[in-house]
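Structures given as structure tokens follow.
Okay, so subunit A shows up in both of these, paired with subunit B first and subunit C after.
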Partner chain A sequence: MTAAGPRPAAAGTGAAGPDDDRWPDPARRRSTAAGTVASLARVEAGLLTRSVVVLAGLVAGGAMVYHFAIAPTRPAWWAATWQIGYGQQILALAVLVAAQLAAGRARRDKLSELYRSFPATARTRVAAQLLGLAGALPASLVLVGGAAIGLELSGVLGRPGYAAPAAGVLLVIAAGAIGIAVGTRFAHPLAGVLAAVALLVPFSQSNRFTDPFIWLFPWVAPDQLGWVPGQLAGYPPAAAHAVMLAAAAGLAGLVALALTAGRRRFRLGLAVAAAAALAVAGVAGAVQLRPIPAADLARLAAEVADPASVQHCTTTGPVRYCLYPAFRAELPALQAPVRGVLARLPQPPARLLTIRQAAQVDFTDPVLTHGHPAALRARWAREVARAPGSASSSSAIYLIAGRWPASGAGAARFSLALAAAEWAVGLPPTAGAVYGDGRAQCVPLNQAREAVAIWLAIRATGAPASELAPAGPGRQSAVYVGGTPVVIWNYPGEGASYLTSLGPQPTQAGYLLAEAMTQLPARRVSRVLDGAWSTWLNDRTSQARLAAALGIPLPRVPALPGEAGPPPGANPVPSSPVCGP
Partner chain B sequence: MTVNLHTSAVSAAGLSRSYGATRALDRVDLALEPGITGLLGPNGAGKTTLLSVLATVSEPDAGDVTLLGLDPRDPAQRVEIRRRLGYLPQELGFHRHFTVAAFLDYVAILKEITGRRERAAEVARVLAATGLESYARRRIRTLSGGMRQRTGIAQALLGQPGLLVLDEPTAGLDPEQRLRFRELLSSLPGDPVIVLSTHQADDIAAICAHVVVLLQGQVRFAGAPAELAATAAGKVWTADGRYGRAHLSWRGSDGRWRHIGDHPPEGVELDRPTVEDGYLLLSHAAGSR
Partner chain C sequence: MPLRRLPALARHVSRTMPWGPLLAGCLAGLVLLAVLAYVADHSRTPLSLAQVRVTFLPALAGLAFVARAPVRPLALAAPAPAWVTPAGQLLLAITVLAVTVAAQLGLVAHTSPPGHALPAIYPLLAQLTGWAALVAAAAAICDRGRYADLGGAVAGPAGLVVIGAGWFTPRVSALLVAPPATDLGATVAWYVITAAALAVTASAQRDPWHRYRLGRRCQRRARGQRRPGPPAPEVS
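So, the complex of A and B:
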């Protein structure tokens, strides 16, 4: 049966076509495909900019940048530009999820059938969503800008580079393109989350890599960048990384378009473009994997082994500060606690103190020296092993470059003040034990000068008692001197390794006496110290004598459980030496 | 009758479409002109399949279709058709977090209305036409089913389409909204071709100039609603009791029984048939074959 309309058919029997005006387009609109893509891209960009997921990623990313790049140590631009990438990674993963949600929106919301009835094709929508990734730029730029402000406020060292932050922005765009490719194929929201997790693994775990491939993920990897005594010129190769990310973004976009491509010719074009993008990414990756030039590493080794050859020194009174050029801005922060100690001395010490930066760069790490002969790597390692800071010294303090915390970190100031005070009272501020190698420090057992040094450091830095409080009963630890346990005092910053080497091992007895001294009027303590300064510096002057001179009882040190010493048959405990004159 | 594919606004000849072993459309011929055509048929009769073919979202297995004088098999002409098409699928989803205005704006872009002012004016026009102005800033997820249906109708009207394909547009609308919908379709400018499917025979009777009854994938009737009603003339009657040989019987609000059947008993009071009566008779005849 045939269904025929109520009206007579229109006249004419010729074939109809697009120009047939019997049923004209009422609106008579004719937008170009590019115009549709542009309009749609504006909407998609706006949606992405306002996406809750992206905004959450921005907040989380900002927190990551603060936590890793700003808060822990005084930041340096050569490392911080990459550390901003910590936050960009989180933002990138959020953008990936948001882009996947956008790309799968039509199918997920059961609008595919309706959308197929529109003149704008799925390819048009994907192209618009790819362009709409521009909507992630504000968040990425806010992150970079906010981090830059935070870094500047923290007194960041060095000068910023632009290639690494640009690569960070491209990282966000590339992740978004991947999200669109995933969403074009898989509409379920979990697909984006899974893709984000899959990306998170290499990003977050790349610092576990022990080979040069770590440089393909430079956002987490180059811990050593923070410890080098300045910019390692051209490394990591940020421009190459940016090119690689741009190629990755392009590749993901091409995959997304290919998933919607109908015509064979168009698919062929996409395949050619994808091959080109792969080639570009491969070349950029190869550039990143190139070894650091031997000349640069040799210069770095020389700067580490012989800091004096490049450092600038500033002398203030009896103290000489020697810093790598890139760290000169740290000078006032270093001078403050030392000046506080010097101001409380009745007379300046006769000998000079040198406070020098030392770099701890591991030349056996293949991340740094890959691609160079083993003999050359061994030579560099031997060279830096001679670096100052590992030998005992009574007149030098060695600060590890790149470890000085951001402003306001009391522990670092106290560490330096205590080391300076130890020097001032005749204790060796550098015990000669590289931190952590197990060699014993000397113990100022029952020496009045120990309490004086601790009192000076407390007064110089105003360290609050709550930070200085010793461990409670049951959590105390001890060293052995002549087979007798001595309860020790772990001061703030002791474990943070701001210095290459610790000074003497403070005892809890010394701390308790110093703490009791801080309860007295400062003038009274100064009068006692000033009156017999040379006596108090004598290593044979006991803490009991100092307490008596101050008119206070000698504080009691809580007994250690099992003070009788190690049980019979146990391994012999190494005995610590007593600090001498 | 042979359909001339090039002279009618919407033409189909020998249209067939199967889903596995199920034949949804079986050699359908169709010729529609500007005006409102109602598509009647039970569930599974092939209405939605036919409308999706007319909306260019699915292709027939066999047969030819011409829409607004254009061949949807040709990619360029298919795009041209889509530029002049408004479509309301039967099961329309929504971007639930979009506002009504934002959704319509988005659809307007997909319909290639890319000028900002033009788009804003067009969105405002369809909002007014569907009575949704005060809901423009509301998120779709907060709307009732009827409001969502009106949003779906509004998007179909964007761009003043020359071909409007509406699959059960009055589903979910309350009586007042249905009346407004009738008013809206009747007053659309440009004399578009409108094809709508519905289970509401009174909608057909009220606004359609033409009705097509689709049963088991085949066109069983095409003509004016009055003609469909006339097919039941002399086969609808009222009696005090139930009559066993009637195809359908139901008791009205006055307590009397209304019957539809091919053989009314002698002496009964014949009723004036409606479109629904004609459709029910056709359905019964098709079912008894």
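So, the complex of A and C:
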């Protein structure tokens, strides 16, 4: 059975309790009571360590850490140390439930009378259960250690901090103490489950609230944690949060003891201690709500607005890679797809391609900039609005810092390879369009160079046809060019925010021709392209001409269901421009 | 069963209903949603249906304590089928849960800014119904298992884990969560799950035995070792 089980924990130790009159000598009585508490605590800790509920919480917490900190993007320590706490939060819920079940065991099993007949008093048992929370430490530390190993294997960026992991461990202990306090008062198992849900709700909803008071929640998931391009002191305020959680754990433990305290003097002592814990929690809360220093935010705004001032650049052939200092380890992963495109070009373009990281930090977020004058916040917001990445460029690709996946992300590699291939064939890789504003994207309508660019990206990344397949009939999307609908192709990674701005809008016709080209021997396609490279780069060279040169029929694009256009009287559909020379 | 016995049955069902856990769960969810509404108002972030989902979890935890028959061996000896009482209690619980959801939706609508339309609620209702059916099934299964004494303390977290797994598993969530699933598709999927979960619940409720071991091998072994008991006394 688990810590929640009906078996009484070391009920018959035979040791005397602190209130036992058999030991008139106070010193001896105290030492005996301490021995009883220690032996009971060992038993409780053992039960908690192997509790099925706690072990399930450990597994669920590990899955949570993998889901949020390891799997989605290449992890960075300054965010990951806090994100490990998401797993600790799940473990904390399990420890809370297990601790409540353990604390309410006697009353739930209707064995209060029997327990009263034991030498150890209720206060002794509660004290032992509080000390027995040490049994939750192995699971918590295993979670931290396992997460650290997983992060290192994923090539985590930066250097770890220690305050956030410590705060995570304290969160687990605090939840256990709350569980004991709840279980001491309410023996029904639902009380523990409800307390766990009450702890879960603020965490799960914290990212919805843009107010600094969210730091006072037991744990939160701040929105911009993964977007800052490096360590930002005080975001999150991990050290102060650890102190607050320690105070909360102490307070919950004192409440649990107070519920079983009999003597007035002892209660008075508990009240004094509780007041001290409250004071510590209040001070720690106030420290958490202090604004981040203006100098740090100004430096961050400058790094976002003018990344060139802090980034390290590496030039390889006709491509220059500029990355924030903390992200230098990502360079090989970025070079691989671009190198694949360059290797298939008959001749590299004359102009240099710059692949630069851009950070997307929202300075209007009060959680980040609270406590500063509105004028200063507005100035920072204006400054970062001028950051590169939102303007059209024919020779620059802007990657969003913190969005590149750890490994095996074909979509990210394809996005970058396609942007590099667009640069190579003379299409603008950065159209200056934000997501959802397709009007700013030009459409390479019936241009051979579009198919060439897509073919280059497919060859460079080896993307399987199953990942690239266009939408079937009835599910296609279209843009309008001169009032005529054009079926578009949504490529892998198009909607995944790897780049600050998209390039031209690929068409399904271009993709189908490129896909047909991949069916031909690569040498044959290269020979055709090498023979008239400048012709294929011309925006007036049609896809039919390229297909004829390759000796294949031009693939047919499935017709749109309502190709007659919008119904009469409907709002005019905005038209996209055709990509020029 | 004659209709004239229904009032007596209703009285029995309502008296033996575990109102405490169910109402505590529902009220806890409402209080949490009220707190979130206050916080949302303070930070000018309107509530959405996501908060209804999250704050419905305490009510589900309370529901986990309902599908339970504490004196089942005695109930088996009674003239009425043993499953009647838990089934009646589940029906009562569904009514309470429906009122809770209505109150939650009213709270969300009340805190929405003017002109801010909430999305369609029929997929949400299907999802919450499916969640409740899953938790009821988990509770009914636990009541037949070795953790029957802990009842909802095991069934509640087990049901919530199933719900969480469905929410976070990519391929499953693609079918059950809109978007990416369509509203209609998610609704149909949740009602299919509800039907399956109710079938499991009904099957567990009609099972007269506690299953302390799992697996056919254990059950076969148990059947093989069973000795014929003394003949049942004739009742005149």
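Criterion: the second predicted complex is superposed on the first by the 541 of 581 C-alpha atoms of A that agree within 3 Å, B and C clash if a C-alpha of one lies under 4 Å from a C-alpha of the other, contacts with A are read in each partner's own complex, and residues count from 1 in each chain.
Criterion: a contact is a pair of C-beta atoms (placed from the backbone, for glycine too) under 8 Å apart; a residue touches a chain by one contact, two chains touch by 3 or more.
Since the model is a prediction, treat every value here as computed from it, not as a measurement.
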| message | For A:Lys110 in the superposed arrangement: first (subunit B), second (subunit C), both or neither? | response | first
Larger residue footprint on subunit A, choosing between subunit B and subunit C, goes to B
**Request:** Figure out whether A:Leu40 sits in contact with subunit B (first) or subunit C (second), or with both, or with neither.
**Result:** first
Open item on the list: Let me test your reading of the model: by the given contact rule, A:Pro119 touches which partner, first (subunit B), second (subunit C), both or neither?
Closed with: first
*Applying the touch criterion given at the start, work out whether A:His67 contacts subunit B, subunit C, both or neither, answering first, second, both or neither.*
second
- request: Answer with first, second, both or neither: which of subunit B and subunit C does A:His188 touch in the superposed model?
  value: second
Note: overlapping subunit A surface for subunit B and subunit C spans 4, 6
Given the complex, residues on subunit B that touch subunit A span 1-4, 6-9, 28-35, 37, 52, 55-57, 66, 68-70, 76-77, 79-80, 82-85, 87-89, 91-96, 105-107, 109-115, 118-119, 122, 155, 159-163, 165, 189-190, 192-193, 209-210, 212, 218-224
Residue positions on subunit A within touch of subunit B in the complex are 1-7, 9-18, 20, 22-27, 29-31, 35-36, 38-40, 43, 105, 109-111, 113-120, 125
Within the complex, subunit A is touched by subunit C residues 20-21, 24-25, 28-29, 32, 36, 39-40, 42-45, 48, 50-51, 54-55, 57-58, 61-62, 64-65, 149-153, 156-157, 161, 164, 168
Within their complex, subunit A touches subunit C through residues 4, 6, 53, 56, 60, 63, 67, 94, 97, 101, 188-190, 192-194, 197-198, 200-201, 204-205, 208-211, 366
